[in-house]
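In what follows, structures are represented as structure tokens.
Below, subunit A partners subunit B and then partners subunit C, in two separate complexes.
What follows is the complex of A and B.
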């Protein structure tokens, strides 16, 4: 069994008004990667390249051991894909879709599909055009999960869902993880969703991956230090500072490689550390994006 | 080529287009009836209706199976299936031809049957065959354009070009020596000019479909 389900190496794609530049990342088998970026950051383009739907200009992509896009048909036999802009056939009922996919995927699990339909409160005989947006997303997710895919690729699946539907969808994703061989790539601009279910986080901004690590490492190494500076004491130079905010004597330092030793370093330099705040993934993402954009414009 | 996957897509499109096909077939049979029993006026009206029905079914199939996938955002669903671009192109080309050609054959056979049964219009036999193949050619143009562009606007333009071509080609064919000579006669004639015309039409069909396949294989962005 391959330890890496998705491997991107030096992938670039150029459009007249947008470029995906030098994308490198790996998705270990069995992990859930949250792929976070603002609208237009390049999440969907990256996912389309992963699915073989868009050809990269340079670089190599391997999915479940298959080179993409050349071997996309074989790779997609083991991929469940749901994207925000994907629609099912409105004129056909969910049951038709289930039957259609059953004829294509040898591992299609009909009893699991029926079980999911009950849990999602979906009626298989109902036509897709009669479903609400939330029900359509659940239907698409059902169709992706019941294929029993080794890799689940979800491109903004929770966009537009009400809170109840969102919790249900995320809960089912967690349940799908009971199978340790299953790998999930979950893209969203909603950091809370990603924080809840992912163990790996990758940030993308303006076509470049700006940071990638496991979630715990992200949450551990990002901190905000609230300092109190006596007169004549300057802001201490600390490693990994991405942002210095606050006012003159009350600076707030954001660092991406926090170490408890920093507190004593600050004290030694005459500054008082009033508080060391943990950061949410959203705060980390925003600080990360801002610091990168400032570096680029500097 | 994954034939089983191509077959699944063909059956899927048949499922969604079956009602339109049955309706158009009924319209086609009705127009043949009008041609057969409607007298001189009925002949022209029925002929017009028959040509319209053939154009409509071609357009309906192309819009439903090709342009509709993108318009209705179901293309992402189809392309998430274990299928390559080549197989998708083959499936879409096949489904359009498989659904259109039997329908076309039935109506063309009906038209030729009526001509054979009515000695006064025997001379129209060759002209009818050439124009029937022209309608097939117009449909193939629509298929090729819709496949390559996936655009409603371009497909409608191709449809309009095909419709105009019916008039232009009809006029040209009706003036080709060897076809025009016996057009209003009472004997069925099939001369080398008719064979050549049909061969040229089939060559153009092959060129359009082959060209669409070639252009599709060079596409880099499918969604």
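What follows is the complex of A and C.
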């Protein structure tokens, strides 16, 4: 078994109006990666390259030990893929799709499929065209999960779902990882979903990976320090400062490599640390994107 | 194998509006369960993956909480066997005692901020304590 299920190294793809540059990340087996980016950041293009649907210009992609796109047929037997533009056959009921996939994939798990249908409140005899958006997403997810793939790739699985359906979907994703050998990559612009269930987090903006790390490290590294400066004391120079806001005597410093030592460093320099705030993933993402865009335009 | 996780409830509740990191919330609730004796010394506790499924929280977050709980001597994780509450009969009272010390330190810190002498802090603490026992006596009468 591979320790790494997905590996991207130096992957680039150029289009006339958009390019992916030097995409590099890896996804350890048994974990969930949340792939976060604004609309048009390059999430779907990256996922398409991963699936072998789009061929990269340069760089190497390995999925479950298979080089992509060369070995995509073999890789796809073990990948479950759900995307927004996924077409199910509208005139046929869910049960027909289940039967169809059962004939193709030897690991198809019929009792799990039936179980999921009950938990997702889907009726197998109902035709796809009569389903709501949320039901369609759940149907597509059911069809992917019941194949028992080693890797699940989900492009925006929770977009447009109501809160109840979202919790159901996220819960089934977690349950799919129960045996430690399965891996999930999902893209989203809903940072809350990603923050809760992901082990690894990758930020992408304007075709580049801007940060990729395990979630706990992410949340640990980023802090906002609220300082109180006596007159004629300057803002202390700290490592990893991404943004300095607030007002003259009450500056607020955002850093991406926080260390508790910083508090005593500030005190030694004459500044009082009034508070050290943790940040949500959303705040981290936005601060990260802003600072990078500012550096590019500066 | 799936339904078993759905019905396995640890009773731990994560609050989205709590600004503390999730691993700290989990640590605190495990400690509370141990302190009140709901999870006794040597008892088996949910595995990292089980708890992750149950709470719909990433495995890495639970791992971190368990690692820190182990460091503090609250739980013991055996390789490949899961985790148990540390087999220390005094653990519950030790956790209460630690909690108490933490609050005392806070009292001392705030007292100093207000410029109270240590005698004054002691007197106020004693007052609070007698108010509390007075209140519980009243309750008994009612």
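In this text, the second predicted complex is superposed on the first by the 298 of 298 C-alpha atoms of A that agree within 3 Å, B and C clash if a C-alpha of one lies under 4 Å from a C-alpha of the other, contacts with A are read in each partner's own complex, and residues count from 1 in each chain.
The criterion applied here is as follows: a contact is a pair of C-beta atoms (placed from the backbone, for glycine too) under 8 Å apart; a residue touches a chain by one contact, two chains touch by 3 or more.
Predicted, not measured: the structure shown is a model, and the values here were computed from it.
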item: Side-by-side fit of subunit B and subunit C on subunit A, or clash; value: fit
item: Partner chain in contact with A:174 - subunit B first, subunit C second, else both or neither; value: second
item: Which superposed partner A:265 touches (first subunit B, second subunit C, both, neither); value: neither
item: Touching partner for A:100 - first (subunit B), second (subunit C), both, neither; value: first
item: First, second, both or neither for A:79, with subunit B first and subunit C second; value: first
item: After the two structures are overlaid on chain A, angle v-u-w for subunit B, subunit A, subunit C in degrees (C-alpha centres, nearest 10); value: 150
item: Contacts of A:228 with subunit B and subunit C, given as first, second, both or neither; value: neither
item: Distance in angstrom between the closest Cα atoms of subunit C and subunit B, superposition on A; value: 25
item: Interfacial residue positions of subunit A with respect to subunit C in the complex; value: 30-32, 112, 115, 167, 170-171, 174-175, 177-178, 180, 192, 196-200, 214-216, 219, 277-278
item: Subunit A to subunit B touching residues, read off their complex; value: 48, 51-55, 72-74, 76-77, 79, 81, 83, 85-92, 96, 100, 103-105, 140
item: Touching residues (chain side subunit C, partner subunit A) in the complex; value: 1-3, 5-6, 16, 19-21, 23, 49, 52-53, 56-61, 64
item: Subunit A-facing residues of subunit B, complex; value: 2, 5, 8, 12, 15-16, 72-74, 76-77, 79-84, 87, 220-223
